[in-house]
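Just below sit the structures, each encoded as structure tokens.
After this come two complexes, each holding subunit A, first together with subunit B and then together with subunit C.
Moving on, here comes the complex of A and B:
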């Protein structure tokens, strides 16, 4: 019986074990080709629409409206991009994509940073301090998991109107900042920090604030990076809330503007500018992921202790 | 330089569990006091109360004559070495050692002087720019010691600092800690569950069990005169042999019915008779206390061998020097010098013998059942 189990474990280990060169043991050449074929197919499915959008963004409106669309970039790259960024787009009141990018960056950064600051502080309080109703507050935060913006959208909107926060960056970001998920993530991470480390810091004369600043923050930095990436993209792609809380065209985020640029009548839509805006809307999140990839992956898989 | 005094210290947790039940210990200036006991005996709790990491439910703890009950750990002027070292993983060795000093607002060059000198003492100079995860267990241990030394505190507290090291390294570090503590002359409290560590390190040995102090004394005094059967079996490896006694018409009887004519123990209190494995001698040898020993297993350790077996209805261990050709199944007489016998009452407390007393096994073989 025991031998049997050992043999079974052994064979599983052989199948799952990785060789030094990173290839799986027990997988032959042909199945490796198949694996690559599937990967390439997946990349094509994801990448081709993006490539096609780019191609469209370099064509004139006439070319786009007269199918089929060429598969290679056209000669209007410079014209289209400068018009979109600096010239202003008629259908959204002459606002340029530069304003849209600025707005969206403020919103995405505000949400990401705000969420991280608020949730790391509340997790710090919940894990390392003993105060009355601690568990009540923990559950209160936990329950907001069930109340995303979409659920509480009417009361939240009313509050924003009453506070005069329509068409402001505060109104765009504040309701999206409080986050139970991030608080829980930091709480779980803080719970894995050995009690001895906290005690060593106490003996070393570090008060709560010093402990937070000198020990907790540096240890959390990969978690913070991972959370920043996720939250930045979450903020960047917000649709419903910015749609409600902004009226003025120059306060739109890029996703909202994109929607407004598309008219129901094909001929009214400046498709080449829409495509440019699409490309520019994709770029920042991709950049964030590319630049922070290493940290992001480390934050998800590694706990540094 | 300081004394540490504990007066009727108690720890009751909110659940009602009493972890420390009124402990009083006086630790002299510069002494190394070892708290030893099985897990859950309250020794770590006691240490953490001295450190200020646990609140004191009742009683007083004084460091250098000053009651510190209400003072936080940072202001008690103590330094602690933790079981898992508790090094700050993101800081270099240098910063690990300097952190406590920086928090106290010490001048930069003074910090540097102290860290460099501690690093030199502990042979860490080459490692100052490394991070803890790049160090071996023994090196981490030394960094943890360094962090305590640079503080130049009144008291060192050690919470099982060697339990994560392998046996060989543990032996080395034990000697190093002792040497360091001697040369620095800082009063130290050291918690361990390892009786060998306790015996070799301690100036003052405190044996704890179930939240109470079983015995306080110099290590060899505790070994020679264990105050209770708990101490007798906890201190010393292998533990002391204990033979239950019953009251017989003319004295005490062993489990198999052999009667002891005893003048050593006044009254009838004696319930257990004990002797250390190394105090038993193979052969009758003229000692008045002799048993018929039936060997069941032999453990050769190299420098000595342990004979596990049975005599008078109880399991015994007898140590013989060097190698032996005794085999399981052998029968032999085993005797113990009278002065090497210990007696305990029914509650397990040591019974002091009357000086002239001699234990004589009466009617030796005839009384034994066939």
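Moving on, here comes the complex of A and C:
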């Protein structure tokens, strides 16, 4: 368990260097206790903002508006959560959190799956075929790394308007599906596949499609899972893009809707519902990270190479 | 690259590349070229006609005190965020490297904020520290400190830095833990046997050997602070109070969408493009070095 990170980075030195019992020379019991104490403190600091919001999400609006907030959850859990999810929230035109969660799930899944499909096909073409302008196309994909949305905000918005993609799921996902990182990752992996495998497939009469489906895809399973976790979180946490391409309240992602709900100037912000929405915006990607931790760590390390 | 066994198809590879290329052309290259083109044009106030003005937009942007201000804001914000997030993560990673029991649990409990959207990270901190209902704001005020990040620039800056760094700790932690595990334990044990204490061992052996990881994280954290934190600024401060938290990316957005200064916004986009290209170049140069190192 403890050596996941080391295994993920492929550092055998770490695995070999550690003694059987895991103890190290020169670290005494006392300094180990201090280490535990600091780690626990660190975890409390890291977790506290979310715990605070969770507590707030179970309180009534009146309690929230009268600081200090109690340290333990209140009794409004069901009331608040059902109101936010099914009742709709006034400040964003009565749209319920169920709609927002649906939109965000569509966006995150769309982006993650789209990126993986598009990139694996590109990498397949670049590694297993020879054709004019092959490297030109490779660099064309690579250079998009240097053109994030932030450096082309206005003209990209104009393209979206011209194509009629504002307030559509296509607009929210399609432009984010190109991925230099994923293409590079798959290319790197495909290059390690021995040529004999391709040769064998060809001798057996398998065409490129058959080779892709029966050999390449099964071999790429681990990479796909790792990439999926990272891209799902990437899609879920998008901010600037959904801010640009959605106007209608019922097309917002949950993060953008949350921004619209909050106003410190107005007295009518429904804070208890804001807190609930906040928790619901955090929960799905956190669950994905926790449940797919192995793939997550791997994906994180791989995509940064 | 060694000659590979390949498939002989002629049309198929183009078909396979088509989706990716179509998206990059329509949504990346075309808009980027438009940004370049518009950066040398100026529109009249009614948006009816535009004329070529050469590098005039750039000259104006770089002479604009507001732009200089947002460069300073971005610099302070990035350096502080990277320093805070990295030093906290390094401390925790070093501690996690020492313990034997519970490593897996510590790691699990440390990594999940990675999944929190930056904008939401900002809001979480605002909930705790906003003057209307934040418990910590309440406590700060109870001590007599005049805390109001909605009106006080440096306080607003502190808040967004804390939120941005908080969100990034988990990422840095993972990489530092991996980096620490890659350091041969024999080196450290040898130093321990020679009588070097823990602190000495850290600064003379561990820290220098971690340099590649640290440098890599420095680049990643800077990129994060430059670009990914737009959500935090937009959701928490809106660049304010005044222009005290207006970062470069926020200013491009604001000048384009709110103030409708297209020429200026395009020129700023181009400047940002140059910054990204420089950062990416540094990142990839470093990655090549890492290969030699490992």
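Methods note: the second predicted complex is superposed on the first by the 269 of 305 C-alpha atoms of A that agree within 3 Å, B and C clash if a C-alpha of one lies under 4 Å from a C-alpha of the other, contacts with A are read in each partner's own complex, and residues count from 1 in each chain.
Note that a residue touches a chain if its C-beta (ideal position, glycine included) is under 8 Å from a C-beta of that chain, and two chains touch if they have at least 3 such contacts.
Only a predicted model underlies this, so the values are computations on that prediction, with no experimental measurement involved.
Within the superposed three-chain model, A:162 lies out of touch with both subunit B and subunit C [touch as defined at top]. Shared-chain residue A:75: touches no atom of subunit B or subunit C.
In the superposed model, A:128 makes contact with subunit C only, not with subunit B. Looking at the shared chain after the overlay, A:199 reaches both subunit B and subunit C.
Shared-chain residue A:145: touches subunit C; no touch with subunit B.
Ranking subunit B and subunit C by residues of subunit A touched puts C first.
When the shared chain is aligned, subunit C comes close enough to touch A:278, but subunit B does not.
Touched by subunit B in one complex and by subunit C in the other are residues 196, 199, 202, 304-305 of subunit A. Interface residues of subunit B facing subunit A in the complex, by the touch rule stated above, are 51-53, 72-74, 78-80, 82-90, 99-100, 103-104, 147. Residues of subunit A touching subunit C in their complex: 1-6, 8-9, 11, 13-14, 17-19, 21-27, 31-32, 34-36, 38-39, 42-43, 46-47, 49-50, 52-53, 56, 64-69, 117-119, 121-122, 124-131, 134, 137, 140-141, 144-148, 150-159, 163, 174-175, 177-179, 183, 191, 195-196, 198-199, 202, 207-208, 211, 233, 236-240, 243, 255, 258-259, 262, 264, 271, 275, 278, 281-282, 285-286, 288-290, 293, 296-297, 300-301, 304-305.
Here subunit C touches subunit A in the complex through residues 1, 4-7, 9-10, 12-14, 16-17, 19-21, 23-24, 26-32, 34-35, 38, 88, 91-92, 95-96, 98-100, 102-104, 106-121, 123-128, 130, 132-135, 137-139, 150, 166, 169-171, 174-175, 177-178, 181-186, 188-189, 191-193, 196, 198, 201, 216, 220, 227, 230-231, 234-235, 249, 252-253, 256-257, 262, 265-266, 269-270, 272-273, 276-277, 280, 287, going by the rule given at the top. Only residues 194, 196-197, 199-206, 210, 214-215, 218-219, 304-305 of subunit A touch subunit B when the two sit together in their complex.
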